[in-house]
Amino acid sequence: MEHNIHTLLKKLAEGTVSVEEAELALKAAPFVDLGFAKVDMHRKIRQGAGEVIYGAGKTAEEISDIISAMQSHGQEHILITRLSEEKYSALAPSLGQNAVYNARAGLCVIGGTVRPDGLGKIVVATGGTSDIPVAEEAAATAEFLGNEVLRLYDVGVAGLHRLLPHVEELMSANVIIAIAGMEGALASVVGGLADCPVIAVPTSVGYGASFGGLSALLSMLNSCASGVSVVNIDNGFGAAFIASRINHPKMHTKKA
Amino acid sequence: MEHNIHTLLKKLAEGTVSVEEAELALKAAPFVDLGFAKVDMHRKIRQGAGEVIYGAGKTAEEISDIISAMQSHGQEHILITRLSEEKYSALAPSLGQNAVYNARAGLCVIGGTVRPDGLGKIVVATGGTSDIPVAEEAAATAEFLGNEVLRLYDVGVAGLHRLLPHVEELMSANVIIAIAGMEGALASVVGGLADCPVIAVPTSVGYGASFGGLSALLSMLNSCASGVSVVNIDNGFGAAFIASRINHPKMHTKKA
Amino acid sequence: MEHNIHTLLKKLAEGTVSVEEAELALKAAPFVDLGFAKVDMHRKIRQGAGEVIYGAGKTAEEISDIISAMQSHGQEHILITRLSEEKYSALAPSLGQNAVYNARAGLCVIGGTVRPDGLGKIVVATGGTSDIPVAEEAAATAEFLGNEVLRLYDVGVAGLHRLLPHVEELMSANVIIAIAGMEGALASVVGGLADCPVIAVPTSVGYGASFGGLSALLSMLNSCASGVSVVNIDNGFGAAFIASRINHPKMHTKKA
Amino acid sequence: MEHNIHTLLKKLAEGTVSVEEAELALKAAPFVDLGFAKVDMHRKIRQGAGEVIYGAGKTAEEISDIISAMQSHGQEHILITRLSEEKYSALAPSLGQNAVYNARAGLCVIGGTVRPDGLGKIVVATGGTSDIPVAEEAAATAEFLGNEVLRLYDVGVAGLHRLLPHVEELMSANVIIAIAGMEGALASVVGGLADCPVIAVPTSVGYGASFGGLSALLSMLNSCASGVSVVNIDNGFGAAFIASRINHPKMHTKKA
Amino acid sequence: MEHNIHTLLKKLAEGTVSVEEAELALKAAPFVDLGFAKVDMHRKIRQGAGEVIYGAGKTAEEISDIISAMQSHGQEHILITRLSEEKYSALAPSLGQNAVYNARAGLCVIGGTVRPDGLGKIVVATGGTSDIPVAEEAAATAEFLGNEVLRLYDVGVAGLHRLLPHVEELMSANVIIAIAGMEGALASVVGGLADCPVIAVPTSVGYGASFGGLSALLSMLNSCASGVSVVNIDNGFGAAFIASRINHPKMHTKKA
Amino acid sequence: MEHNIHTLLKKLAEGTVSVEEAELALKAAPFVDLGFAKVDMHRKIRQGAGEVIYGAGKTAEEISDIISAMQSHGQEHILITRLSEEKYSALAPSLGQNAVYNARAGLCVIGGTVRPDGLGKIVVATGGTSDIPVAEEAAATAEFLGNEVLRLYDVGVAGLHRLLPHVEELMSANVIIAIAGMEGALASVVGGLADCPVIAVPTSVGYGASFGGLSALLSMLNSCASGVSVVNIDNGFGAAFIASRINHPKMHTKKA
Amino acid sequence: MEHNIHTLLKKLAEGTVSVEEAELALKAAPFVDLGFAKVDMHRKIRQGAGEVIYGAGKTAEEISDIISAMQSHGQEHILITRLSEEKYSALAPSLGQNAVYNARAGLCVIGGTVRPDGLGKIVVATGGTSDIPVAEEAAATAEFLGNEVLRLYDVGVAGLHRLLPHVEELMSANVIIAIAGMEGALASVVGGLADCPVIAVPTSVGYGASFGGLSALLSMLNSCASGVSVVNIDNGFGAAFIASRINHPKMHTKKA
Amino acid sequence: MEHNIHTLLKKLAEGTVSVEEAELALKAAPFVDLGFAKVDMHRKIRQGAGEVIYGAGKTAEEISDIISAMQSHGQEHILITRLSEEKYSALAPSLGQNAVYNARAGLCVIGGTVRPDGLGKIVVATGGTSDIPVAEEAAATAEFLGNEVLRLYDVGVAGLHRLLPHVEELMSANVIIAIAGMEGALASVVGGLADCPVIAVPTSVGYGASFGGLSALLSMLNSCASGVSVVNIDNGFGAAFIASRINHPKMHTKKA
């Protein structure tokens, strides 16, 4: 089956696929219609990643159906994010033995660990201990996507003496994910030290004028350090996804 | 004349001042009514500071009248803040020789320099060069109020190597005024290093999501470093005023 | 062991500590790694305060482990803030007899009361009765940090006759902590009367357009009274921490 | 001609006016159509006030046409608000001798002064000198609407000693208009002292976190003093209009 | 005992009260100190209203103590607002027979009904049925304060045919309280029809972009109708308080 | 009975209805006063729709009374929106057999299905699966109002390959309702493809910087595609109501 | 040349166009590349409208080049919006005789008037006179797109007597565009009266808490009247565009 | 001289540099103190980039001094951003022949073009023509930093037919910079198509509810497409800086 819309359209023009085949390919094949969701079976090929299910807002039964549909199409490696312990407990019996639940990250990996094949390490750093759930979502996602991960938790800036002993580790990263709530200054300080891309994740940790992560978000967007870009509040998954892409450049793969 | 409302009321009760005298004291004396403003002649005594005129929103002529009224009541030491060069030029002829204009700070000091008599030094630190006008307002105000000031400009956190060489100077402060725009991380980093009170001043320096200083303001309020409090955006004067009070504790003076 | 990064680096250069010792000192010693948090054993020395545990977002078990680690390093005097009654109940058996829980402030002090050794008194004033939990956090923290505290609760401005009888007490303060929700006018009124630094704490008390403390926060930042600076909404601890620093100036101590 | 829609509809039903007359009355009479604006000639009767032209966003020529239309319908007493000096200069030749321009308030009164006929005095108080233009708009409007006005300018709360000498004057008011920018605390303090309705006007005076008057607006809405209500930022006219209505109760008039 | 600070101060000066008496009068008498709240016994005299207890954030026990203190000082007529049914049930046994609870308004009146003695009627109008709890708080408060109240509920503007039949009733008011959530247009429409002061109350009724009442609040502040002023979101009590003051002008009373 | 205020007023003038009849018609007839709500019996005629009850904030008993009142006036076709399952269960016994509850949409239809009589189809499209409850509210409302509805769920833009196979279906619509949370880009993409009016509905789906639907709302308002207008966050009903009006133009009906 | 991407792709598959032709059609033909902008020559066919140039942010020279490119492709009927008088003056010589500039609307129509061919009338109503520029942009755009337009200006709600005489005209509309600044209540009132779709346009008219149109925007989104949807602040063009689509339903055209 | 603080500290410990040398290296060498700015001469080495001067807020004279200082330290390759034409004209005489000014981007490159040495291409795409200044800042910066750049301007989503012909070019990128104002949907659409990291740049292009770029910013942060991260509004430079780092991975370089 064609894995690329672009290629498919070309072949359609060339006549190597018929209109009927093309329509089938376009409309039917990549989607298994479960009534409530279009499960996209081409995603791995198009985007180079294992399949991910965003668990929030789906029932355990719906998640189970999606997993079954994926597995029946040969997708063995599946990540479920934003999965509460309750839903996991309901799902567990049907998941089989190779499902591992990470309670702190609120995610579940099916299909075993992945051998890291990126250019280098991804360092996941947090300002405080309360940021760890977001950090674990990022770290576990990055590992699922084939990256070596180094965790540096609770190295927040209000005490540079905590961060400075880890400068060498920061310098060893190919990408850094900097996670912090409250005033989010970690991103600026890490960004000033690092010589690699920094993906900043504001967290909703804080109270009062942190306004649910807004303060950290604005700080990170205004960082006076170059080389920092930002994802949504608490979006550990998103940070890991782009970090993994940075760590797996297309060009490098092609040359290799 | 009585310099203290509290004392005055007591004396009124004791009969050592008459109702007429008291009313005169309360209503007439401390204010010279210029029609457009009540010039407060008791302020120095009540609050322990030289007189300050907030120049924004007043015409040169109005400022000139206020100065004259003050001087005719014996007030020799006057600070005019938020004074544009245009207004200063208009004022200059009438100010006499002991008026000094600080163009970067946009303020003018009348009555010469003041001998520092505080407990220690006030360090005024900025993140970047664009924060300097606010910093100069703070530094010149602090000097006017009798403080020794050490300026540490452009030591912003996106490059800890800029800040670290100055740790010793930071440690020499009795109060630190930390001034930064953009993400305002300077306050957190300085707050984490310092062992004295830190007054943070967000500046409106920045663009886009800095929202006129809001980003720096929220950062500073959410600082994970203890020992930091915050004044209004660009309020260098206010920071210096409270820093000077911290540097001139009442108790100390009484004991001395 | 070295208690000062700066000094340590100097000695490293002088050769009085070896690289290995220095690395050990920098990396290992001040932190006891509990897996989920880096407990910082040098904090008291660096910042001149007893140790503080921020209880929100930590389980009773985690708090207990941190306390044990602290105590095994000789830290006897410990403050736990944002500690709910539930967590306190779970902790109580392991805390021993010298732990005192303050339910209104939601904090627990271990190690007994501290003799006040500051320059003067810290006055903690609130606008209404609903602000008292924040005020108690401030007052109890200030006492923990070695300050004499005078509580003036429910003296809000909508009724100056409530505040005016306390002018003399306000005047006796070396630092004032002014705590108010709703429109936060207390800070301005107190700031106008006082002749010492005022730390303003907006509270989330109110409804409707108080927007969780935003109204009081903005009021306090815009206070037309000089000598006022502001901490985060509901941050009684932070206000007490900086007030205590103001009340314990480094310079004074050195001279004494 | 009928001055009341309600009465007109009744008469229509009773047959004392014909459909044609009624339609004429409803559609044509109260409006003089100038193409760009429907000038409402019934307003005085319906709402008990002289006619007001909001000058902002209208050209001098348009304003002149509206005045002519009004005058040709017998309306002699006209107030033009938000009228810049430029527009006034352009208008002046055509206004005749009984037009008086108030530059500080940015308004012009045509038709001479009005004898006060309200229940009592309206006190217009401001926090600072920068609030005076808004206060003058309020005071001049109130006078135009037939009220005795007492001006208390620059009595701001950051210095209660400024406000306290005026308590007796405040107590003499039937309505108070409290005008302040920055943190707007004046409304709360005045509201706490007063025993009459207080109309609060936030002004856009301030900088930084005053956010164009938002801070004062929120303060005033959250005032812990009862008896305070609020109009739009800088809306001196609106405050005077409702204050005048309060000072001219219908019931009172009917009984008299 | 003196009921007026101003008068007291005068007498203090005249010597008709001693310093000790004056101090007693000022400091002790008007406040019964319950430890957690300063109950203000002079309020009725100073502000011309019965005593009001804001029930939110106080325990039933605290409320009970305040009531007892009031009653022991002769205060018979008491209003408790923001009182949940749970708290009322806990209070009920100790309240005696003349306490009436209004569940929709969440308030309780002690001391029986009050004979209306205002100039005219207060009309309380709401846009929809969901605004009724706020309206009942306003209406019951106004009745408690001695006003005749006319309720016009569910007359919202999205259907002028609902409002128009009530124009005559609106015209009969001496003050109108216009209460609406969502877009708050009721205030403008009523303000355009009315010839008396309109106090607008935005409510938190709505969803999505109503942002908890912000949309209605802004609408009402920007009302193009003159004669409208605004209180805080859901503040039925505050609206009734100022409406009652408008309906009981001081001047009128003096003349009568 | 007259179904049109305008017509009624005319007839009143013509004398074909008496004042008494007219007053009756205006005031009494169209409203059944249930004490807590004015049930409007003329709505179908005035606005061309079946009757709708907004269930949020009403008790099951109140809803039941409104239904009874409607049915006793011959209204057979009733839609209840924002009706939770709990309330529905309480209502069910009294609703009879022709009531159908749609749990995903949270609404109930009484009176059976309606034959579509609009110009064409209404397409209801969603970005993701979490937007389906809002979409079902829109779709079921549109069907209730006499429209053929085509549902296109989970065709969000982050994967144009999902949307592109449905272009032909989008092109078949007479009106499109585009429903999306998070960044709301669906409205722009659909708006760029479509050749019919697009009603965009932002949803509160998302987290962090989606701020409860604000992000999607702003996106849709700023859509660079022409032909898009927007309703309130989560307002599926409102989108369907205007879409139905577009699909049932008055002019068309008159001509047919 | 093919006017429809969908059709083109089909033909590509059928072989009736070659790959080269298809590529040419897709990439080259519909765009004339002017270096700074891709002028889209297919737009009229795809979206059924004459061509529109958004003038803001383009120089007179750039606009002139775009017009020339359009005209050389046979596009005779062109609308230029957001065109200042300065730019128009610069353009005028090259525009020829059939260009008409509308100064109040800030737009220019090339190619003469268009015969209305919609289902019915579009009524453009404004709250005040200051909203007229936005209204003229809407009205002139609607006329350009082939609609009969009825202007009802200055009928704002703060004076229902202004609006009520126009009810019959409102009722004659097939679509209403309701334009208002300040509190935007016009949309709700018109929405409650109308029996056709209402497109609401908030304007930036107002001051203070109107926050540049935000207040009107929120009001309109929260309108309690059904049948109202909203476009961006000041977006008269967008309102007219969707109104024209509503007034030219595809289905109707096909049947005719 | 040492180019690495870390290495320097190590050598300090080893004794291969003396304390004096180390202090000199740390404090003096990397900074040339110009009084108003600390010019950082180590930046190229530390962060792998040529030197960049942020021109906004600096006078032409200050910029000239910084350039001279850089050049005297051997820095030949210099980029000046946010440089207005006025400042450039003032600078031009002193810049010599190898300075090239890019007026659309508002930047100047000194030292000639750089040979691209990254892994692949950086594609810079914009939604409209008004986004081009920001895009040029990004593109020119990326070229300065040694990247091959492909510009795809005006391919905005409201017309997928504009974007789709460029899918192949998008697929050729190693990093994509997606720049858009208004609703910012470009980032989501590109993010859904791309298989490489996407750096999104919101621009302040738009009006009304775009709120100076806020709408686009929120959209991009909430993008439902994975692989997207965001920089500050209008921050073309920042996007290019991180994109260049992604395109020049450290690990790759080391292996090569």
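Here the chain labels run A, B, C, D, E, F, G and H in written order, and each chain numbers its own residues starting at 1.
As a convention for this text, contacts are C-beta pairs under 8 Å (C-beta built on N, C-alpha and C of every residue); 3 or more make two chains touch, one makes a residue touch a chain.
Remember, it's a predicted structure, so these values are computed and weren't measured experimentally.
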Neighbouring chains common to chain D and chain F, by label: E, G
Shortest contact path, chain F to chain H, counted in steps: 1
Interface numbering overlap (same over half, different under half) for chain G and chain H: different
Chain pair, A-C or C-D, that carries the greater number of C-beta contacts: C-D
Chain of greatest Cα-centre distance to chain F: B
Whole-Å gap separating chain C and chain G, where each centre is the average of the chain's CA atoms: 59
Approximate Å spacing (C-alpha centroids) for the pair chain B, chain E: 42
Residue list for chain B, restricted to those that touch at least two other chains: 46, 159, 208-210, 214, 217, 221-222, 226, 232-233
Of chain B, residues touching chain A in the complex: 127-128, 156-160, 182-185, 187-189, 191-193, 206, 208-211, 214-216, 218-226
Partner chain H, residues of chain G touching it in the complex: 5, 26-27, 30-31, 36-38, 40, 42-43, 46, 56-58, 202, 204, 212-214, 217, 232-235
Of chain E, residues touching chain D in the complex: 6, 46-49, 52, 119-120, 167-168, 171, 174, 195-199, 217, 221-222, 226-233, 237-239, 241-242, 245-247, 249-252
Of chain H, residues touching chain G in the complex: 129-130, 132, 153-155, 159, 161-162, 164-165, 205, 207-210
